[in-house]
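Beneath this line is the structure, given in structure tokens, with notes to follow.
Chain naming follows the written order as A, B, C, D, E, F and G, and within any one chain the residues start at number 1.
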């Protein structure tokens, strides 16, 4: 069966354009997201069995643009669309414009992940950013506006920096295709080094890495729960994947060292900032920053150990699903129903890294990798941050467990489904197979 | 069908002519021209449909040779006045003592149609030394670099010159 | 000549970032960002410039064209910049409605 | 060719003078007036560039520029008098 | 032959046009108040554009039609812009030069 | 303090950019330094990307304007994204202004402006249409064309305090134009093999009816951009009472 | 068959999640809890103890693509399995009356059973860790049920610290050995192994509540449900020691370890820490007014003895440690359940508010009395046998520091036991209207007392149960008959001890019979010349400020203990955290500055 990854982007765009005519925003969006999820799963199946998938758009690369889907990209596409689908179920009153922006954010996040062209990636970043700005401001109150404006200022600076990076890169290679550039990359000339710096800074803002993430707490605090959730599994994850691609292009030891130190800083500062935070969404936002640091650490080990990619996958997926659930829950003061309690505890446990949730495998493989690299400070940082994480999440659970604010069924179940996903990712056998790119892990 | 409504086809025709002016380019082939003409008709009609309602009430009537003749006369008179006045302005600007005596005067007009008022006002504006600021029911307020007369009637004579008469011919 | 343009580019970027950092008025911040965007668009054009080249529109006589790709990119970048600016404007209007000021103030406490 | 340099020189001086008023003001209206004058000069400059590069199609640029400049000046004017 | 003559006439037009620009911008600097500056600049530069466009059209005859269209547009819009700007400035509170002799518009405002 | 930081950082950025420019090499698109490698097949190819555009635009896309060919064909996907950014912003604008009911008094314009804009409007719209219809032949295209059209409506909105566009019409235009863009892309998938591939005949290069899907897409973009920008302005102006 | 037990438990877990009725859930879980017990009893034949014969398989492998989890029974696991799984049915029986509705207690008890069984059966580190953390999760959810912030925060922080340390230790061992199977890991006496072992032991010590890692215990024990605390204190806390024993004595390379143990200060350190834990926790217990916190400190103290045994490392010590573990499991569970019964009827936890409960709840009192005797190691109980072995081991090794400290702690245990006995059950009869606890609760408590009695009379059976572990660990077994334990320092003869100590029962009996004479005047209730103030006059209670003079002497030294060290550490972390939080000052211009700084710094660094 022929899979066209481009449909993952084209279909949501088409229906986002058509939404004002179709009117039935909720039904249409749900159907599209479901369709996309299924398509992504098929695509993953295809990629898994037959190797990376190329889709040429209009002209073969690097003359034209193409989409390049490997294992992880396919998985991310599945993740983004599936979570977007589940998350959307929790939105009770869907306005047409909301649905449009939502679809655009999802499609562009998918686009960032699967495109093989650096400028095309930039364009998708802009769609993701602009739709996120609008979505963050959705509540239209003071907090929402402030968050959105901060996001917007930093996002716009980021896009300028990204473009400067692309310009330098282009002037050096006269090509925009990521894999063409990668093939021709050798020693870093001044322009290439600067291009890396600019691209990393630009994408880093979207990927929420320290110290580029000033917008994160405010935007997450201002946004509605479902939007914060979307941001945490959509654009930000696509951003961190873009950084992974960046490290693949500029794969010098220097870049990995940089990623490692930035990752550790992000981890520690995010967790510490969350530690003293009373506002739930803000705390979750800081915690997201910390998790992003962890993911970045896993990326920094890509070159040194086979575990890194597995750790990356698990951390990414587990954080996406569990943080999504927690942001949805953050709309209410307390858990109220059992489903929500379950969702809350499972998600928190996954973030802290307790087995059998998916988050555990992330920490497991990252520690394994660190051992292999004999990088003790990574382990020290993880130990410290885990304890801090546990402390504030326990505090969080202790307040939310007590409050009995009941939600409608629509709002109660999506987080539970996400939590189940986290759990299933941790315990279902086939997941390991997917994640294990090379060889048997356990003796 | 009022005379106003009759002007609608003329709008389309004028637009088509402008279109042809746009698409004409050095060495254009016949086939290309036919294609352009075809598309031009569509565009002109579409734009006319979109904008004709703004033309109703403007006072632009259909093309009568007399009106066209008046318009051409107006145009050349206007050009002449413009060049003349510009030279005058050059004199003022370049003379060291800056011989000006500015002020805002009011000028009445017998023109009724908005389009006629517009053309009058524009003509006045474009002839340097005078600048139409506003219209009200009684007439136009004009900023004048060298106020030669503050009286409404006499100032009007100086400023409007031959424009008003010619425009009355165009818009009658 | 090209160095004058380079100078302009670097200046635009520097002025823009200076504005973002020092201005308190939100509108000015976004205008500063627009200035940066202008700088980077100019940069793309400058990088695509080939001495003696003209617009890459075929007309038979010329043999040297400038690099068309950056121009296409700039087109995209301009539209994106305009879009973001429009949205920013609306945000600022909303901000003004809510806070009755254009001065950026920190509202959220930590 | 010398002729063209002269023309360009005159235009440059004009633009310089206009820019001076644009920057100096003192009122917003002064700046708007300076801008209006500058757009006229720029339109001419675009036509000149088209002529110098012998590209007929560049004239479209001047056309579009003239339109956008006009609308821009009107918008500024209306903003100044509180008509927006 | 005729083309050459037209070419030189065109050059003259272009030259005159650019002189008008210069004139206009000098007026912009020299004139004492906004309204007088407008008098000097807007319209002189408009005439400058017209002259310039016609001049280029004479130098490159095949371009004439499009240039005339542009010129038509400029002629139509420049006074509108000037008028709008003048009134806006007046409404925005820009005073006439203190040596102005009369202000009928103000009297109308006071009515 | 912040001012100091601003100066220092701006100066450093300036220095950084200027330093970078000293390394920018003059580009020669025939030089083998810039020969690309095929990302799918692998291996070096004996041409540069730019060289390919310059050499083949006409026979591959039917467009004279290489920029247009890149914008609509070679990198049409970017353009779809670009249109989407604008669309997203316009959606965001209308969403955010939905709650703001500005009923402040606006000063009427003078007669000259009012009547003048009525007369200029058709001319501007015509120009806009000309620009986006001839995108493959001239430096114009969907974006400038659309902007010109929007500027026409902006003129009316500015001249008349009570002039509003009908929200529904704007939105339908946007939707249909966007749909056409995506559907043409998909038809490429159906009738040829790639998304956005030119599945129509290229025709006689240089004529209006040539370059296959390029003018169609550019017209769609023109409408879309025009509608979106007009819609943004309409929304910025306030809500129709 | 192992699969079946797991399957039954998991099905029961899911099933009980959805049952609201307490009694049904209780019965289901009670029945289900017999399965693992039966399995463990059955596996006794592997180690020479034929109790029942069903024929359970005792190995299992779970294959998940790329990863295999290995399970099999080992002598050590068997011992702990018998101990833990015989605790559970009585506790569940008790719960039948204790709870009024099923709001999560039963399913998570079953989940804890799953995790315990998984931990005990796992024979590779991955499965060990998975189930270890499942246990941590189960405990956390149990704590969540009551939602006490302090308990949750402390428990989860410690638990995660423990988990991550263990994880790191495992990863290090894996890194050095290339395998996770217990049977294939060779422990070497090199630096990295020591680091790994240290990390693992710290991780285990947190669960075992060794000082100074014990501070999570008091809030957790004092705020959770009694049946759960009974299992937590009696059962789950031993899993930490299971881990230590597994690591130090049950892995290949244990010879190396043994040599290491005999020479190095590291394990001696464990013994010292254990004895200090016993010492300090005992004092904390003496002065504690909250019954549950008293029991919590008591647990910490008693668990310290086990650490002494492991740290000492000789076979007698090991036997003593295991014996102590077994005893503690049952008497502490009984005490928590008894405390639960008292609170069930009176609603009070403060010793100063309780008194005379024994008169209306004689059966509860009987059970508690026996448990208290075991706790205080009064020689007529099995508790004495265990401690005797430990003293002997310490003396044999000439641990001149540890032995006296343990003795002092033993006296201390007697002191706080007396407070429970006197303050709660005897003394002024403050609750004349209460009834005896419901029958299932009483039955549960008595079932828990049973093993204490059995091993009082037949300590040899206990040693039988340990023999295979001791020999598999390369330690000499201890020669014994059912009644007599032969050691180098002498013989321990139960019959003689019991007969001899029968006389000690007489005073206790007298206290009970002559209770009315014990309604003392408050003037009589001071020791050491402390003059009670006028306020104390009003609410004077026989057990109020019982050991005040002692407290005044000791407390100043205790106050600078672990808790305050942690709280100052916590303050430091808080300061740093505030610093981190201040980076996000909410000013967008500052954020822009950060972005530019980042850009320029990395650009500079890259270009350098």
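The rule is short, and it goes like this: a residue touches a chain if its C-beta (ideal position, glycine included) is under 8 Å from a C-beta of that chain, and two chains touch if they have at least 3 such contacts.
The model shown is predicted, which means the values in this text are computed figures rather than measured ones.
Participant: Moving only from a chain to one it touches, give the least number of moves from chain C to chain E.
Facilitator: The least step count works out to 2.
Participant: What chains do chain A and chain G have as common neighbours?
Facilitator: Expected: C, F.
Participant: Report the chain whose CA-based centre is farthest from the CA-based centre of chain G.
Facilitator: That would be chain B.
Participant: Could you give the separation in Å between the centres of chain B and chain E, each centre being the mean of its C-alpha atoms?
Facilitator: Using C-alpha averages as centres, the distance is 15 Å.
Participant: Centre to centre, by mean C-alpha position, how many angstrom separate chain D and chain F?
Facilitator: Here chain D and chain F have centroids separated by 24 Å.
Participant: Between chain A and chain C, what is the gap in Å from one C-alpha centre to the other?
Facilitator: Once rounded, the distance between the two centres reads 28 Å.
Participant: Just give me the whole-number Å value for how far the CA centre of chain C lies from that of chain D.
Facilitator: Chain C and chain D have C-alpha centres separated by 20 Å.
Participant: Residue numbers in chain G touching 2 or more other chains?
Facilitator: 581, 584, 586, 588-590, 592-593, 596-597, 599, 603
Participant: Where in chain C do residues touch two or more other chains at once?
Facilitator: If we look for residues of chain C contacting two or more partner chains, we find 13, 17, 20-22, 29, 43, 47, 55, 57, 59, 67, 69, 73, 76, 80, 83-84, 87, 91, 94, 104, 107-108, 110.
Participant: Indicate the residues of chain A shared as contacts by at least two other chains.
Facilitator: Only 119, 123, 126, 130, 133-134, 137, 140, 149, 153, 157, 164, 171, 174, 176, 190, 194, 217-218, 277 qualify.
Participant: Under the definition above, what is the set of chain E residues touching chain D in their complex?
Facilitator: Within the complex, chain E contacts chain D at residues 11, 14-15, 17-19, 21-22, 24-26, 28-29, 34, 37-38, 41-42, 45-46, 48-49, 52-53, 56, 59-60, 62-63, 66-67, 69-70, 73-74, 77-78, 80-82, 84-85, 87-92, 94.
Participant: Inside the complex, what are the residues of chain G that reach chain F?
Facilitator: Against chain F, the touching part of chain G is residues 589-590, 593, 596-597, 599-600, 603.
Participant: What part of chain D is in contact with chain F in the complex they form?
Facilitator: Checking each residue of chain D against chain F gives 57-58, 60-61, 63-64, 67-68, 70-71, 74-75, 77-78, 81-84.
Participant: State the interface residues of chain E toward chain B in the complex, per the touch definition above.
Facilitator: Residues 20, 23, 26-27, 30-33, 35-36, 38-40, 42-44, 46-47, 62-63, 65-66, 68-69, 75-76, 78-80, 82-83, 86-87, 90, 96-97, 99-106, 108.
Participant: Report the residues of chain D in contact with chain E in the complex, numbered from low to high.
Facilitator: The touching residues are 3, 6-7, 10-11, 13-15, 17-18, 20-21, 27-30, 32-34, 36-37, 40-41, 43-44, 47-48, 51, 56, 59, 62-63, 66-67, 70, 73-74, 76-83.
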